[in-house]
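Below are structures written as structure tokens.
The same chain A turns up in both complexes below, where it pairs with chain B and then with chain C.
== the complex of A and B ==
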């Protein structure tokens, strides 16, 4: 049995009939067609699926699409502004080589945004703690931390 | 990683939710424990009642020298609420140790206590705070002391049809210092051992000591012998060590892949010592 949900994703309204057991990440990728958010582990551990729901970064593999009914969702595709100007976390990752293969990057960007939205000038320790729920198999995290620091600097 | 099919209802009022739960519906709060279990098909509820939209369960307020926290308060709400940070800092500090940002943004206080994971963080603080848990069903409401609420691994005194609706913690009086110290399992972030200390020192002497422990055995507990050893003392290093050594006394420690029983007890004493020391340093 399906249920009708209406959500706003990156500023655009969508309405779909979905099965209650459909995970938000599958909804975003397979129903809406926004494949920027990745599925790394599907077990709530890697953070590659991180998106914002009503301003809070969450792991979209651990939420049902029906739970997001009525919500405003921001995915990595919506980070840049309408003119295509990248968000400062994207600039930071670009300039500081905060990625190698890029698989973890969508989630890293979304959680980095949350870290800075809540704390505009975090210490290195606060950044590392903030990235706790996101795994990267390539960079060793050093450049990711630098990218967040650069983004923080760009924000002040 | 796709759960079984289920029916889903998201009531807006507590009354409707309690009626549905009374008929056998399974509560869904933040989903941070239940959804992973459903994906692994270790849980397959037929009817999920999403309590996440019930605004009446979402509050943090002070009344009668206590803080009343609605079950839907997320770990992030608890960690960042000025009222909790200011008046019950132990609970806020503990919330900040749970999982990661994303988990804290969704997981709830009510869901965590109802789930009663033996390595969850809140139980240590709630034991040290002598918290009370409010349980509500369609026909009744009762308030249970935390020591009577947690029974064993994943087992509480919740009856079928009941919801955790509120958690009550004391407003800390001056001269009380608190601290939560945790040794975590690095992959999951859960506590292998977590110790919460809450200590009041007046005129140079400890007058109240409460020590809550999680992770060591199947159930959280208060380390009564360690507490008793502190009362009346000034809090010297030797006195702290002697009290901390009693934290695992008489406890049947659990063993798993991550830590043997002996190691858990060793960690408990170590982390108790840290928690007591930091709590004392905050009594001023």
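== the complex of A and C ==
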């Protein structure tokens, strides 16, 4: 028993027949083949799977693919612009060494974008609050905070 | 990584690939009466189900450590008649996708005869405790003793002796990427390729080839991008062998990806100590002796280094102090829990925590300032190299200088005055110090299981581009950048021209891997030495091309000292491969390989100071300032170094404040999900003020010491000392970790009933 869904991912339309129980993260990674978003827990506690659905950052392990039917999804692969120029949060992470093993990074980038979309000049505390749903075991977060600060600066 | 194109194990997809799911024991100790796979095997989409009987020819899990008189459990990759821990594998299901595999795993029916279990190290030693391994009457795996100097005489001569029992609770490594592997079998060549998330590609290949009965050179092991390891991936686990076995049986690629829950249950954990410390001193604060008895929770069986970890604690027990008389005893015990092994710091955090707490306990007893007592006992700058009572040889350092810098940075004197004022107002303000030492750059081969050298090949390609093959296996430590920097500096080529390859046993010469803060200090030195060989060759070819006996190599150019004429390394590389003419005693090509054996460990050190305040109403600890001054020898890339220190601190603070793998008496892991197991999140971390002093290491030509574990080791005692200091007015002298709000609130409310 499958259902047909149509979604737009990073500006491209996709239509697939999927099982109702298929998680959005598995749909993105295994069906569509966009493996940038990661799985760190599958229980919506680590944020490695964060993507944007209709402009809102969500943990894609918490959502079924069928629930995204008709939605417009942005993943880390779609952050850079068409010419390949990196998004300012990507630039920020690059310049401030905001990553080590890189596994949390796609989720961190997506949530960082969301923080800045909602509040173009956040304080350190606001950045930390915004990052709170995303775990990183490598960096101790300081360089991630700096990366978001740098991205905020680049936006003004 | 920034664009989502990096390849981790779970990103690998192969034609016809199947997925494996493990069936695991829900009991910590049980006899297996029967395993019924019939329903699972009949489930649509299932290709195979294997039990311990099917896989009995695959070798047992390998432990690389021998200690005198040690009992070593024989741990097969799938249990046959008895399970020893929750999560113990009893069968594997291979199916067309991961959902079907998980469904079918639930259909395997195992009939267990549940037995009493041992849920912790002290329970293991209790009278009448059930035997974890029925073939041995008690749960003691080994006893180990080390002495230096004359501790009995020292304690007899002491004015004061302080004793404290301390726990370094089990912690879970929890890299954000769990374990996982993909294996594929090429029957025609009898060759297996396995992609696995590991820190030790070559060692893992050797071990797996042995377990599977394959020729080592026909097993290609690739560590793709690895999403964090922290020691827990410095191991070969049952699943890697099981997945390989299935791939060989079925003739198609098989993938297994660990769930987070499985990671909690079946990936090694760290620490797990109950320690009894004693420190003896003169009235003026001079430490004369230190004793420790360590009860080490080893878990149910041994992974690669399990029994060795507490012996590292012993080595580190004198800390930075002139303690000439030491006595350490270890009792390693079996429990029905997942094994402990090397997790970031591996033995040193426990020891450093112990000695740094004891120095504070002693200072409190003598009513001395904890800073003053440290200055009094430091090994002095002119004592290096310094032979410790535990048999180490500290390479270099100036402890007092580094500590002074930390005290100045935080404004120690003024802070103590402010604390006195705050205390008068009834506030719980603490200042915690840790002056820690570290054993890094592991290490001289006789002291490291499987060898401690490292290898590097540097190839200058015909175009002048530089390829480095390193035997280490970086996964976030940034050596791809650091090594490119070293090559850029040495050869005078742009960093972008340098490519660093690692982690593929078919491409890279044999190497040891990444752990024990060794990447740059040992692996980087091998690269450096290979670069020196390349430079020698470049000069030989340059001399020939310039027709001169007097040339120098500088900024990527060979320059004739007499005429000033020059030729670039790119031109030389082209000539070396074209080989129209070859210098005498030379050969074509521009390649060098070096294996470097370090003569000693390195010993970084530092001072961490934490200013904290506890909210008496909630027991919540607020870190007001965190100052760290670390001396890790020469620094090649300050940003990478700071990232390592910040990350390390998030671990050490985690141990001090939040993290605890709690097993109940039945051997069930109670904190087995991110929901129950608290780790540092962005909001929980303070802003860290990090700076450095530098005493270069004489052990390697780069003068570096290693930084991967320093933050973890230095932070824990500073945090606990800070909290205990805050609670000192209430008469508190010690609190066991983790210092959760609930625990502190109970202590505070018990001592100030009227406040609540």
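Keep in mind that, in the parts below, the second predicted complex is superposed on the first by the 156 of 156 C-alpha atoms of A that agree within 3 Å, B and C clash if a C-alpha of one lies under 4 Å from a C-alpha of the other, contacts with A are read in each partner's own complex, and residues count from 1 in each chain.
We adopt the following convention: a residue touches a chain if its C-beta (ideal position, glycine included) is under 8 Å from a C-beta of that chain, and two chains touch if they have at least 3 such contacts.
No experiment lies behind these values; they were computed from the predicted model shown.
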Problem - First, second, both or neither for A:32, with chain B first and chain C second - result: neither
Exercise for the section: Check the residue A:42 against both partner chains and state whether it touches chain B (first), chain C (second), both, or neither. Expected result: both
Practice task
Go through the superposed model and pick first if A:21 touches only chain B, second if only chain C, both, or neither.
Solution key: both
Exercise for the section: Name the chain, either chain B or chain C, that contacts more residues of chain A. Expected result: C
Practice task
State whether A:71 touches chain B only (first), chain C only (second), both chains, or neither.
Solution key: neither
Practice task
Scan A:9 for contacts with chain B and chain C and give back first, second, both or neither.
Solution key: neither
Exercise for the section: Once the structures are superposed on A, label A:147 by its partner contacts, choosing first (chain B), second (chain C), both or neither. Expected result: neither
Completion exercise
chain A residues where the chain B and chain C footprints coincide 19, 21, 42-43, 45, 132, 134
Completion exercise
So, in the complex, the side of chain B touching chain A is made of residues 1-8, 10, 28, 31-32, 35-36, 38-39, 48, 50, 52, 76, 99-103, 105-106, 187-189
Handout entry: Residue numbers on chain C that touch chain A, as the complex places them
Key = 1-8, 10-11, 13, 97-99, 174-178, 225-228, 230, 257, 259-260, 475-478, 639-640, 642-650, 673-675, 679-683, 685, 687-688, 711
Completion exercise
Counting only contacts in the complex, chain A reaches chain C at residues 19, 21-22, 26, 29-30, 33-43, 45-46, 48, 75-77, 79-80, 86, 90, 93-94, 96-97, 99-106, 109, 124-125, 127-129, 131-132, 134-145
Fill in the blank from the handout: Touching chain B in the complex, chain A uses residues 1, 3, 19-21, 23, 42-45, 47, 50, 56-59, 61-64, 66-67, 69, 111, 114-115, 130, 132-134
